[in-house]
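I have a structure I would like to understand better, so I am pasting it below and will then ask my questions one at a time.
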Amino acid sequence: MSTPKNGGPDAAGNTGGRVLRYVDALKEAVDQEMARDPRVFVMGLDVDDHKALQGSTRGLLQKYGPERIFTTPLAEDAMTGTAIGAAMAGLRPIHVHIRMDFLMLSMNQLVNMAAKAHYMYGGAIKVPLVVRSIIGKSWGQGPQHSQGLYSMFMHIPGLKVVAPSNAHDAKGCMLAAIRDDNPVMFVEHRLLYPTEAYVPEEMFELAPGKSRVVVPGGDVTLVGVSNMLVECLRARELLADVGVVAEVIDPIWLSPLDTDTIVKSVRKTRRLVVVDNGWTMCGAGSEIAARLAEVLGAEGISFQVERLGFAPTICPTSPTIEELFYPNPARIAQAAYRLAKPKAPEWTPDPDRAVLAYQKQFRGPF
Amino acid sequence: MPDIDPQTLRRVYHSLRLIRRFEEEVARIYPEDKIKSPVHLSIGQESVAVGVCDALAKDDLAGGTYRGHAVYIAKGGNLNALMAELYGKDTGCTRGKGGSMHLMDIAHNVIGSSAVVGTTVPIALGYALALKREGKGRVIASFLGDGATEEGVFHESLNFAALKHLPVIFVCENNFYAIHTPISRRQAVPDAICERVKTYGIPAYRVTDADVFKIRDIVADAVPKMRRGEYGPIFLECHTYRWREHVGPANDYDAGYRSTDELQPWVDNDQIPRVAAMLEPDDRKVIDADVEKIVAASIAFAEKSPFPAAAELMTNVYA
Amino acid sequence: MSTPKNGGPDAAGNTGGRVLRYVDALKEAVDQEMARDPRVFVMGLDVDDHKALQGSTRGLLQKYGPERIFTTPLAEDAMTGTAIGAAMAGLRPIHVHIRMDFLMLSMNQLVNMAAKAHYMYGGAIKVPLVVRSIIGKSWGQGPQHSQGLYSMFMHIPGLKVVAPSNAHDAKGCMLAAIRDDNPVMFVEHRLLYPTEAYVPEEMFELAPGKSRVVVPGGDVTLVGVSNMLVECLRARELLADVGVVAEVIDPIWLSPLDTDTIVKSVRKTRRLVVVDNGWTMCGAGSEIAARLAEVLGAEGISFQVERLGFAPTICPTSPTIEELFYPNPARIAQAAYRLAKPKAPEWTPDPDRAVLAYQKQFRGPF
Amino acid sequence: MPDIDPQTLRRVYHSLRLIRRFEEEVARIYPEDKIKSPVHLSIGQESVAVGVCDALAKDDLAGGTYRGHAVYIAKGGNLNALMAELYGKDTGCTRGKGGSMHLMDIAHNVIGSSAVVGTTVPIALGYALALKREGKGRVIASFLGDGATEEGVFHESLNFAALKHLPVIFVCENNFYAIHTPISRRQAVPDAICERVKTYGIPAYRVTDADVFKIRDIVADAVPKMRRGEYGPIFLECHTYRWREHVGPANDYDAGYRSTDELQPWVDNDQIPRVAAMLEPDDRKVIDADVEKIVAASIAFAEKSPFPAAAELMTNVYA
């Protein structure tokens, strides 16, 4: 197939493997690594029930038994500490949260212990921990089931953060995360679960520190985090209708963050739209824009940048205003168009083509 | 059968019936996708909310969990505003912003609920601090699930409430499950909740048969003592059972994590027919008819209400 | 006195009042507001003991009694929820934490309840809460007693964040924070406590949303958060020796954040050094640099920017490396000098003049 | 006097004395500003760490709080590395990075301590999960203060440890104060800690007189059962008393929050002279001399050790 389904494998130059859903790619990575490494285990609320955390842990209990995959009491703080202690002791835990919002109960252990242990204990121990969490989005998830709070973790040295945007990367990043000797915040998105991409059968690592140019272009650079990468690809299609060719970049790993690839692109396009899957203030987009300002400013290059993300408000449940809370392909395309054609009149993309990439096929509630 | 004054009987039945019928209608409407918000139904658990709230005064406070329709209704929250909220309408009790998991009706002393398990328990302590300062003897009932008792904040809250002698009624709706995981797989000693609470010096009561009047009597007996400051906080554990799936309108007895055999005794013990049978047949007819009218009205109200204007996205971010 | 002690009142054009220490100005504001408004109360670990939270609550117990100022059990999560509930009920709590690091235990209540309650309950209730916390710095405070995590709160709509840099502002901001109907994260710094400034006797509010040009200059713009503002003023003195005139700006309120004042300055200087009192990644400096890039980029203006802050590591306790963890006047001055004189050879300020502004007179442990 | 075999007697006395003398020296040196790090001294509390750790095997694990010198020494942590750590030297047990509040000596099975109250309790559960999987019957002792029992994480941890039958010895060093606030002002029922722990199905023991041998016997009796899996976690509350100020080297009986009258019985009951009196005078002389040598050596080692190189600022951020 010529055009990539979702900015994943093809653009990565990888066309091997089978078409797999994001959720199945996640599961396959964990399954293969659990088979390879007996130290790996999975814990978290409801990972072992019949819904298998929205399918992402399906079959692991049957295959590896209750000692290597188990649910927990409702006790995020202690369970996070337990996972960290197990990692210090030489195991390789994967701690799963069905909503990223719940990580606020784990902050003390993640920020004060996981991120600092290797350093503050003089390198004597390591914390090879993976913390999976899902950014919620569907119907009326509302204020506390919709947050993308990854920039809080990007802020903390000692933590790594990754947010794969497609099935191919989900597998490669998960394998890299489990094998990493540091705590890795693995950020997933509910709407990406059913999305498909070509994924190699064999194990492979998508290591930290390299952003990917998903589709090349010369007029404007679009950077999208997690499923906002998908919306950027839709926006690129819309922009093509009006003769604006966008280069789309997927940072993949948010910490460590490779901005060189973005710098290279913006040196060319002089225009950047970065789309966060969370709020923009002190968000990933702020960091990216700031680094570009540092690098390009030093070169005397002036460029235009606009950050998009969640509206600076609380996520409402009512569909009419919830829809306005999120960036969508139309709004992304319009922002890029404004930068590319400052003198042109306001442009509104065809509404039918502009619907949220994966919102339309989704039916709730969770 | 206990002898209960007819008024109370009618009031309790009306409340039980109203909750049941309201949620049955929510379940009926849900597949139409008009309610674009997760709903956690209390069908089968009504007697806890009704028993507790019926023993409270109008100006006492109560707050439920994300499974909160029952407490909202039992405490007298506006039903039209509730249905409108589920529909995401501007006339909803939180103006379409909070949805089913974040109900509030301050005018009727229903405090806000939350989608994060356990978060409302300490919030209730803050209200209780204010009530104690106010000195009018008002109390607050804070509902939580069996799963919430595993969260550290629950223990921190028990200690502080007891330390400060706060007028809080902790009500644990123990339906034996957190989503699909039974309490026996989450708690080392599942039947020790009351015993544990007592170690904080908090009187703890347990009702195992969901008897709405037993629940009501415990609260009715304790509240005056709380108003006079003789009691600080009290704790009430009520065994109950969730008939429907954890979230959504359907049954899930085919999922494998529980059986209809487990359900059956609770159906046999359903408080609604039980209390109905205690009523004069005519009273019952009147109440049933009234309930249908109220529920139908709430649907009509929700249906015809407008969605929030686009500007509402940005209003109330800051006060 | 002509030159401002610390960038506070004089520069603010306010020379009234008496010289007061930061810690006493904080206490005076709370005292005066407690006297004025019976709804105000103070809670937090050790606020009522003989050390009175490093002096910042001295005398309040004697004056207002144990119902209006009380210590709590060790239970940050529940105590934060309690403060929020009391605020919803119409009281005006001030919840105090001796170290900002401990706020990680309060994140769930702050992010998921305090920030969202007014909105998600349709405006029916308000959360007039002040959360005081102190950024630790002295001797060997180490990994968990030294963090400046305010950017995490800047990221969350519904919260306000303020970090006054001097005694004058401490009073004005505290009064504004207590009277604000929203949750305000009030960020203090241990090393600022003994610093003095002119502070009016009478009550006054230093309201959100206005940054202050503390000292004007044309060559480079220095922005410092909390006590880094003090270090920026020292850096300005050092720069003066080599003929570089810096304009120093104090954002004061971090959310809402006024960047117009900074934009105006950088339009003039074309050079910006922003100094965080925390890590730089997704920090306040990132937000400031990103906004400037958006605004000035749109105007086609190119400018140079460098962010400084905590080293991207964990704060060590050993003095030799702890010293290197923090920005100091010399490093700030050197960064500004590099921007102002790109072709000039590396410059090292006089070490005696370059010591950390307030570090030298400090003796530990806490 | 109980009859204890001479070896144990000598070992216990050596450990008690070493901790006391080490910390007295830290207090003596502190005003010289060579130790630029907060120190929380255990002077007066030594018998808890010694009683527990002496009953453990070398390959069992133990971890203390930020008041952790005693546990570190009692478990056999390297003393030179400890003093060097307080001096912030590169030869310190965490290479000058953690300081007094973050001690660790993995080679001697001392796990890391933390400056945030309660954080190490669940960490110990994680180690225990690994020990249980390992199947060699090793156990871990996790120390915490009375204040830490108020943190929600303590309760979450008790439940999980009991649920999973983990080989953890929770040791509560109850010195009746959190900084300057007495337990009676923080806990609704201050003397119910053991009773509360028991509701999780965890055997709980309380020693009120700090008797080092009573403490040792309880652990020595339970550990074999834990190794065989007959016991899961156990909990031990030891009453004790902090003689010095909360943080720093001085006394603070003039501060007003406590009196020397409160201290006196603990001084009278000081385990060090008590155990000393149980020894042959010659044995005692030998041990005292040895202790002085070891402590003096640790100071000399710390003094002559280099500070970390500048590059150390950035090493070990990531593994």
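Going in written order, the chains are labelled A, B, C and D, and every chain counts its residues from 1.
What we mean here is this: a contact is a pair of C-beta atoms (placed from the backbone, for glycine too) under 8 Å apart; a residue touches a chain by one contact, two chains touch by 3 or more.
Values in this document were obtained by computation on a predicted structure and should not be read as measured data.
In terms of the stated touch criterion, the partners common to subunit B and subunit C are A, D, listed by label. The chains in contact with subunit C and with subunit D alike are A, B.
Subunit A and subunit B have Cα centroids lying 37 Å from one another. Subunit C has its Cα centroid 32 Å from the Cα centroid of subunit A. For this pair, subunit A with subunit D, the centres built from the Cα atoms lie 43 Å apart. With centres set at the average Cα position, the gap from subunit B to subunit D is 46 Å. Listed for subunit A are residues 72-73, 75, 77-78, 101-102, 105, 108, 112, 119-120, 142-144, 157-158, 312-314, 316, each touching two or more other chains. Touching two or more other chains at once are residues 92, 96-98, 102, 114, 116, 150-153, 156, 159, 163, 186-187, 317 of subunit B. Taken as a contact graph, with one node per protein chain and an edge wherever two chains touch, the assembly is complete, since every chain touches every other chain. Across the complex, subunit A is touched by residues 77, 101-102, 104-105, 107-108, 110-112, 115-116, 119-120, 142-144, 147, 149, 151-152, 154-158, 255, 257, 278-279, 281-287, 289-290, 292-294, 296-298, 300-307, 312-314, 316 of subunit C. Of all residues in subunit B, those touching subunit D in their complex are 150-156, 158-159, 162-163, 186-189, 192, 195-196, 199-202. Within the complex formed with subunit A, the residues of subunit D that make contact are 92-98, 102, 104, 106, 111-112, 114, 116, 119, 121-131, 133, 152-153, 156-157, 159-160, 163, 315-319. Subunit B meets subunit A in the complex at residues 33, 36-39, 88-90, 92, 96-102, 114-118, 147-148, 150-152, 178-181, 185-187, 247-248, 255-257, 307-308, 310, 312-314, 317. On the side of subunit C, the complex with subunit D involves touching residues 45-46, 49-51, 71-78, 101-102, 104-105, 139-145, 311-314, 316-321, 324-325, 363-366.
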